[in-house]
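Common to both upcoming complexes is chain A, partnered first by chain B, then by chain C.
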Partner chain A sequence: MSELVSIHEVSIGVDSPIVNDLNLTIEPGERLGLVGESGSGKTLSALSLAGLLPGNVRLLKGVISIHIPGNMIQIPGATEKQLLQLRRQSLGFVFQEPMSALNPVMRCGDQLMENLKLGGKRSEKLRQSEALSWLNKVRLPNPERVMRAYPHELSGGQRQRLMIAMALCNKPKLLIADEPTTALDVKVRDVVLDLMDELCRASGTALLLISHDLQMVAQRCQTIAVMQNGICCEYGRAEDLVNNPKHPYTKALWACRPNPEHRLIPLPTVKEIIAGGKMDYEQFSESAWTLKGEALRRHPALLKARDVHFSYGSTQILRGVDFDLYPGESLGILGESGCGKSTLSRIICGLESIQKGTMSYRDGESYLPLEQQDRMWRAQHIQMIFQDAMAALNPNHRVGRILGETRKHFFPGETSADRKAVLMAMMEKMDLPTDGLDRFPHSFSGGQRQRICIARALLAEPRILICDESVAALDVSVQAQILNLLHKIRTEGGVSFIFISHDPKTVHYFCHRVLQMEKGKFIDHG
Partner chain B sequence: MKRILQTYSLGIVAIGVIFTFAFMAVFAYGVSPDNSPYANQMHIQLATQPPGTQISVLHKKLASPSEKTGLLQGLQSGFSLEYEEIPVTIAEKDSGIIRYEVIGSTLSKSISANDVIYDKSGNYLHSRVFHLGTDRYGRDLLSRLIVASRVSFVIGFIAVGISLLIGLPLGLLAGFYGGWIDRIVMWLVNVVWSIPGLLLVIALTLALGKGIFQVFIAIGLTMWVEVARIVRGQVKSLRERPYVEVAKMMGFSSGKIIWGQILPGVLHPVIVVSAANFATAILLESGLSFLGYGAQPPLPTWGGMVKDHWPYLLMGKAYLVLWPGLCILLLVLSFMMLGNSMRDFTDPRKKSL
Partner chain C sequence: MRKNLKNTTYTFSVLLGVVSLVFFLFTVLPGDPARMMLDQREDSETLEAVRKKHGFNLPIYQQYLWFLNDLSPIGWHSSDPEHVSAHQNRPVLVVFYKASSGHFLLKWPHLRESFQQQGQRVNSIIGRVLPNTIILALAAMTLALILGITLGVISSIRPGSILDHTITLVSTLGMSVPSFLSAIAIAYLFGFLWSSYTGLPMNGTLVEWDDWGESKRIAWENLILPAFTLGIRPLAVITQLTRSSMLEVWQQDYMRTARAKGLTLRQQALRHALPNALNPVITSASGWLASMLAGAVFVEYIFGWNGLGKLIVEALDTLDLPVVMGCVLIIATFFVFINFAVDIIHAKLDPRIKEKQ
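This part shows the complex of A and B:
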C-alpha cells in the first residue's frame, strides 16, 4: 500500500456517532483539505488520527492505519507507547490558537528544543543550532531574540510561525493544521499559509488542512473532503470541487458567499439551496446599486465627522478622518487590523472620547456635536454590534433579562406586559426560538448569539447601527443568514449602517459606499 | 453524575461532615447529654474520669425551683436545672429517708425521700454515663464538645459576613473605578496584610476588651482584606469584557453596571474564598481561645478546651485534648476541602472537559 494514512469507515462519538462512516486516504506528500462548518466533526476526525480524542469521545467503529517508516500503526489496537512515538516523530500539529497551544511560562527556544529532544535529538548543542535554523526557516525576524522570548512577546503571526517550526522540526510525515489562520490577522494569513505550504513541499510532508473556508482550502489543496454534520458529503480533487461541485451542500457553500460582482439580495443560504427552493433573489447590477446609493446621498447627512484625531499615548491611531453618513445608507469601512477602524467605531458610539476634530449628528433640523451628548442619548441614536457575540453577552444572565433590561433602560415607561410583547416580536423577527428568552447565552449557536446582539441593539430603536466585524467570526452559511437579516433591517427603513470589516467582498457586497482605511486615514473614496 | 461524584468525592464528604457539625451546633442542647446552659454541671470530685464512666446520681429538689425552661428557649440557650445532682456511691431508702455517700467522701448523709425526684419506674437513683469521660472540672466532655461547636460556626458566619460586608464593596469600587480609589483601598489592604493576623486580633481584643463578640469583630476585620483583593482582581478583568462595554455604551449608570453586570461574575470566586475564610476564622478563634483572648468561661470552645487540658497530654489522658483538637481539625479541613471542590466546580475550564 502506498498511502500514508487510510481512514476506513470510521465513526466517532460518545454514544451516538458525531462523525459517521468517514473514508479518507492521504498519500505521502499529499495536501488534503477538510472543509466544514463548526460542529461538522472535522476537528474530531483529525484528532482521532493521533489517538487524541478528548474526554469520553471514542472511536465507535472503523480502522485508521498510519504507515510510518518500518511500522504500521492501527487505531484501535495501537498501544499508548506506539501512539506517543507516532505523535512525537511522525505527526505535527498546528492549532487554531497558538497562544493557548504554547506554554506561557517557557521561553520559545526552550519549547522548540524540547520538541527536538522528544524527536530524539540527544545533544544539547545540536538542538540549539537546529532550533535556530528552524526559526530562520519559518522566517521569524531576529531568531536569537525569539529563542529567548516568551510567547506573549511575539505577535499572533509570529507565534503561529513558531508553532509551525515546532510541528515540522522533527520532519513528520503528516502535518495536521486545524484552522491555522482563523485567529490571525487577515494580512498575515496568506503569508503563514504560504510558509506552511512551502515547508511541507520542501520536506515532502503531507498536509491535512482543516478549515471552514472552502475557497482558501481550494487554493491550497489537491484533494478536498467536505464534511456536513459528521458525514463526508463530497470527496474529490480540488479542481472538480471548484468547477463542478456535485453535492448540493458543496454548491451551497460556494453560492452563499457574498459576491459584489454578482450581488444577490438576499443571499441564498445553505439551507435554502439544499432544500432546492429558489427564493426571490434580487440581483443588482453595479450601476443600479451605485444609483441607489447616490439617491440616498441626496438627503442631508445624518452624521458628519471632520478631521477626527485619536492617539493612545504617543501612538497616533486616527489622523484626520472625514466622512458623512446619509440616512438609510450603508457605509463600508475597509481596512486591515490596526488601521484604526475599530477605534473609529468606538469613538462614534461613545466608548472613546474624541481628541481633536468634530462629529455632529443631525437631530431634526439642527446638527448637534456628539461629544456633548450623554451616553444615554447617544445610545438611543447609535448602537454597535461587536465581533464576538459570546463575549458581548453576559454569561450569567438569561437572554430575557439581557434584552429586557435594555428595553427598560430606553423605554422606562413601558408596562412589563408591553415590554414582553416587544421582546417576543423581536425574537420572532430575529428568527430566534421563542423559548430563547428563558435560556442562557451559552446554549445558543454562534449565529443565534449574534442575532441576540442585533436584537439588543435594535431594542433601543437606533438610527445608526455600527457593525464592527460582526460577521467575521461566523461560518459562511451563518454569515449569509446574518447579512440577510441586516439587509431586512435595512429595507424596513430608518437605520443607517456603518459596516466595518477586513473582508473586501463582504463590505462591497453589503455597502453602498466603501471607504478604505489605512494607518488612521481614508485613502480612497469609492 | 457518576463522574461528578467521583471528581468531587472529597467535597461531598466535606459537606457531610459540615452538615453533621451544623446539626450538632443548632440542636446542641437537644443532643448533648448535659443540656444545662454551657454544659456546665460540675462535680469537682468527678474530675478527669475515663470515657464510659457510669455513676449513679440522686436528683435533689431545689429549695426554690426555677421555672421549667420552654423547648425553644432550651434549645437556644440550654435547659436550666430543676434539681441538684448528687453523685453517690451507696444509697439506701429507709422509711422515708434516703441515706447516701457522696462520691469521693465516706461521710454518710441523709435526705428526705420526698426531696428527691424519681424516674418513671419509681427509682430514686438515676444513672449517668460520661461517654467521653469528664474534664478537669468534672463536666461531661461530650456535652462540652457539642456545645462548643456553636462558637465555631457562629464565628465563621459572623467573621465571613463582616469580611464580605467590607471586602466586597471595597473590592468592587477599587476594581471598577481604579485610580485613586484603587490606590487607597490597596494601600489599606497592604497595611492590614502586613500585620500578622493573630497579633492584629490580639491588639483589637485588647482595644475592644476581652470577650467572644470582640473576637468575632476582630477576625472579621482582618479577613476582609483577602475578599477585597480577590474581588478587585476579578472586577478588573471583568471590566474589560465586551458585555460590560456594551452596558457602558448603552448608557447604564455605573451602579447598574456594577450590580447587574459585574457582581454576578464575582460571586463564584467570592463563595470559594468565603469557604476558606470560614475555616481560617475557626482556626483563628481556636488559637485565640487557646491563648485566653477568646471566649471566656463558662462558654465552652474547642480552643479553650485544649487550653484547659493540654497538661494532660503527658499524663495519660491525652484524649481530653485530642477530642477538641480533632473537632477543630475536621471542621477546618472540611471547609478547606469544600472551598477547593467549589473552586474546581465553578472553574469553566474544568467544566468543558
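This part shows the complex of A and C:
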C-alpha cells in the first residue's frame, strides 16, 4: 500500500462524460494541484472521491480506490456505510464560497462540534474543549466568541478558517480544497493558504488543491494536473510544468495572464496559442507605457473629484477622495473589499448622491458639478459594467430588448430599423453571434454575458466607462478576451476608463495610472 | 427598545383604526337599535329611555368617544346607573379613584350588550364561543403543521419519485377541495356511514351535556372530525411550501458541506435543511391560523361546533351589531398579535433577521 488515492481511468458524466479517462494518484502527505478553467471537470473529479456527485451525475467508468487505515474503499462498490465513514474520518473538504458553505442558522461552534461528533468524539465536554483548541489552531481571534457566533458574524477569511478547522479536526488522510481562496481578498489569500499548508504538513495530511490559478498552485504543490474540457492534458511535477510546460494549453494558461512587467497588448488568448497562430502582440516597456499615460494627462481633466465624503449612517465609507480623470485615460483603483471603491463608483455614476465634496465634469471650457446634471445626462455620459454579468442582465428579457432599451432611452429619435442596425453592428463588434438578439441571457457563456453588458454600456455612447471588478469572476482565458475587447474600445478613442479591481496584476496591466485605496482614502498616487 | 416602542405604537394604531372603522361603518347602517332591543314594542317612552341609557340620542362624536372609553381597559365611568357609561354594568377589575360623579377604573374592554339576546353582554357571548374556536383552530393547525412539514420533508428528499408524486397529487387535491364540500363528505363518511368503526359522532360541540342533562362534560371526540376538515387545506399548502422551500435549501452550498461531513440523509434533512426551510412555512401558517381563529363558518355550521364563525353569521343575520363589532375587534386583535409572534419566531429561526432589524 503506497498510494493513498488512486483514480484509474475514471469518466464522470450524466449520459455523455464530462470528465474523461482521468488517471491520478495521491501519495500520503502529497500535495497535488488540480488546475483548470470552470467547466473543466475539476470539481466533479474531487467530489467523486467521496461519492458526493450531485444530482444524476454518475461515475460512468473506472475505479477510485482509497486506502484508509485497515481498509480499502473502492468506488463504485462501496456501501453507503463505508462512504459515510470515509467522509467522517478520512476526507476533509474546504469549499470555495465561505459565505454559503456554512449553515447560516447554526452556531459556528455547533457546526464544528458536529464534525467532531461524527469523528467519534462521544463526550460533549471533550468536543467542546477540542473545538476551542481547533479554533485556536486556525488562529481565529477570540475563539469563545466564535463558538457562539453565527457564520454571518464572521468575515470571509474567518469563515474559511472555520471551514479548515471543520475539515481537519478529525485528522483526515486527505484534505480536498476546492478553490479555497478565490472568494477571498488578495491579502487574506496567502495567509489562509499558509495556514492550510502548515496544518496539513503537521498532521501528514495529503492535500488536493483545486484552482484555476496555475501560479498559486505551482507555488503550493509538488505535483500538478492540468485539466481542459474534462481531459487531463498534463500531469507532472510542479517544476516541470512551470519551467517546461509541454501541452499547448498549459503554455497558454501561463501566457494569457495579464502581466504588467511583460505588457503584451492585446493579450494572447488560449484559443490563439492552441491554434498556434501568432498575433501581432505589441509589447510595451514600463517607460513607454508611462510616457503614454503622461501624454494623455497633458489635456485638461475630464472629471475632477475633490474631497469626496460618504457615509452610511455612522459608518464612514469615503473620507476625502481626490482624483482627476483625463480624456482617453484608464485610471485604476485598487483596494480590498470594503475599502470604499464600489461606493465611489456608485457615486460617480449617480447611483448614490455625494454627501460632501465636489465632482465636476468638463463641458467645453467650463466644469459643471455632476450632481446638478439630471439622471439621464449622467447615465448617458457615465456608464458602468458590473462584476456579475448574470445578475446584471434581466433573465426574462431577450438580449435584443436589453440592448434596445438602452438605445431607445438615450436616442429616442432613432427609427427602429436604424436601431436594429446599430444593435447588429454592436453584436458584431463584441464578437457575439448575430442571432443572439433573440436569445435570453442564460443561453450565453459567462464571457459572452459580460460582453453583452459591455455592449449595453457602449450603446449609450458614454465618455466614461466604469468597470467594477468586471473581469474578476471570469476564467483566465475569458479574462484575456474581455481585456482585449476593452483595449480595443480604448484605442477607438472617446472613452475614459475607471477600472476597479482587487487584483493588482490586472489593474497595473490595464491602466495608465493606479490609485490605491484603503479605508476610504487614496494612499499613494502612482 | 426603540423597536419595541415602534411595535407597540403600530399595534395600537392598527387596533384604533379597526375600532374606528367598525364603529363608523355600523353607525351608517340602517336600523334603529333601540327598537331592536325592545322587540318591536311601540312605546315611545320606553324607546326614549333605552336611547338615553345607551347614548343613541347623543351626537355621533360623543357616541364614538364613549365607545372608545368602553373599549379602553382604563376609563372613566359614571356612578349614575342611567348614564351611558354607568360603571355598574362594566366588567370592573380595579377601581383607581372614586368620586361622587364616577369611577376611574381598570376593566376588561366592554363590548356592550347584544341587541337581540335580551341585553346579554357581548363579552360573555363571545367568551362562551371563543375557547371552542381557539381549540379548534389550534388543533387543526397543529395537525397541519406536523403532518404538512413531515410530508413536505419526505417528498423533498427524492423529488420526482413515486412517493413525491403521490404526496404532491394528494396535496393538490386537498388544496382544491372547498371546505364546505370536504366538511359534508367527511361528516357523512366518518361520522355517519362508518361511524360504527370510527366511533365518531357526525356533529357536536366541545362542551356537551351528558345524556341525562345533569352535568357538562368535555367531548374531545367531537373535535377530531372538524379539526381534520379544517386542517386539510393548510395541510396541503404547508406540504407544498415545505417541499419547495426544502428543495431550494438542498441546492445550497452548506448542504454540500453537510453531505461532505458524513451526515446521514436524515441528519442532513432534519438538522441542516429543515431549520433553513421553515421561514416561509411559518409565514403562511400564521396567516392560516389567524383566519381560522376568525372562525370557520362552514365547518362550524356542518359539525354544529359552537364557534366564532357561527356566532358572526347568526349576528349578521339578525343585525346584532354589538356582537358583530365585538367579533370583528377580537379577530383584528388576533391578527395583530399573530403577526407579532411571527416576527419573534422568524428572528429565532434565522439569526440574520435579528441583525437586520
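As a working rule, the second predicted complex is superposed on the first by the 526 of 526 C-alpha atoms of A that agree within 3 Å, B and C clash if a C-alpha of one lies under 4 Å from a C-alpha of the other, contacts with A are read in each partner's own complex, and residues count from 1 in each chain.
Here is the rule we go by: a contact is a pair of C-beta atoms (placed from the backbone, for glycine too) under 8 Å apart; a residue touches a chain by one contact, two chains touch by 3 or more.
All values derive from a computational prediction rather than experimental measurement.
Following the overlay on chain A, a clash is recorded for the pair chain B and chain C. When the two structures are aligned on the shared chain, A:K171 is found in touch with neither chain B nor chain C. In the superposed model, A:K246 lies in contact with neither chain B nor chain C.
Looking at the shared chain after the overlay, A:E114 reaches chain C, while chain B stays out of its contact range.
Using the contact criterion defined above for the overlaid structures, shared-chain residue A:R378 touches chain B, although it does not reach chain C. By the touch criterion defined above, A:R139 reaches neither chain B nor chain C.
Of the two partner chains, neither chain B nor chain C is touched by A:H299. Overlap of the chain B and chain C interfaces on chain A comprises residues 54. Interface residues of chain A, counted against chain C in their complex, comprise 50, 52, 54, 84-89, 91, 93, 95, 97, 100-106, 114-115, 118, 150, 152-153, 163, 166.
Of all the residues in chain A, the ones that touch chain B in their complex are 54-55, 349-351, 374-379, 383-384, 386, 388, 391-397, 405-406, 409-410, 456, 460. By the touch criterion given at the top, residues 252-254, 256-264, 271-272, 275-276, 349-352, 355 of chain C touch chain A in their complex. Listing the residues of chain B that touch chain A in their complex gives 241-243, 245-246, 248-252, 260-261, 264-265, 353.
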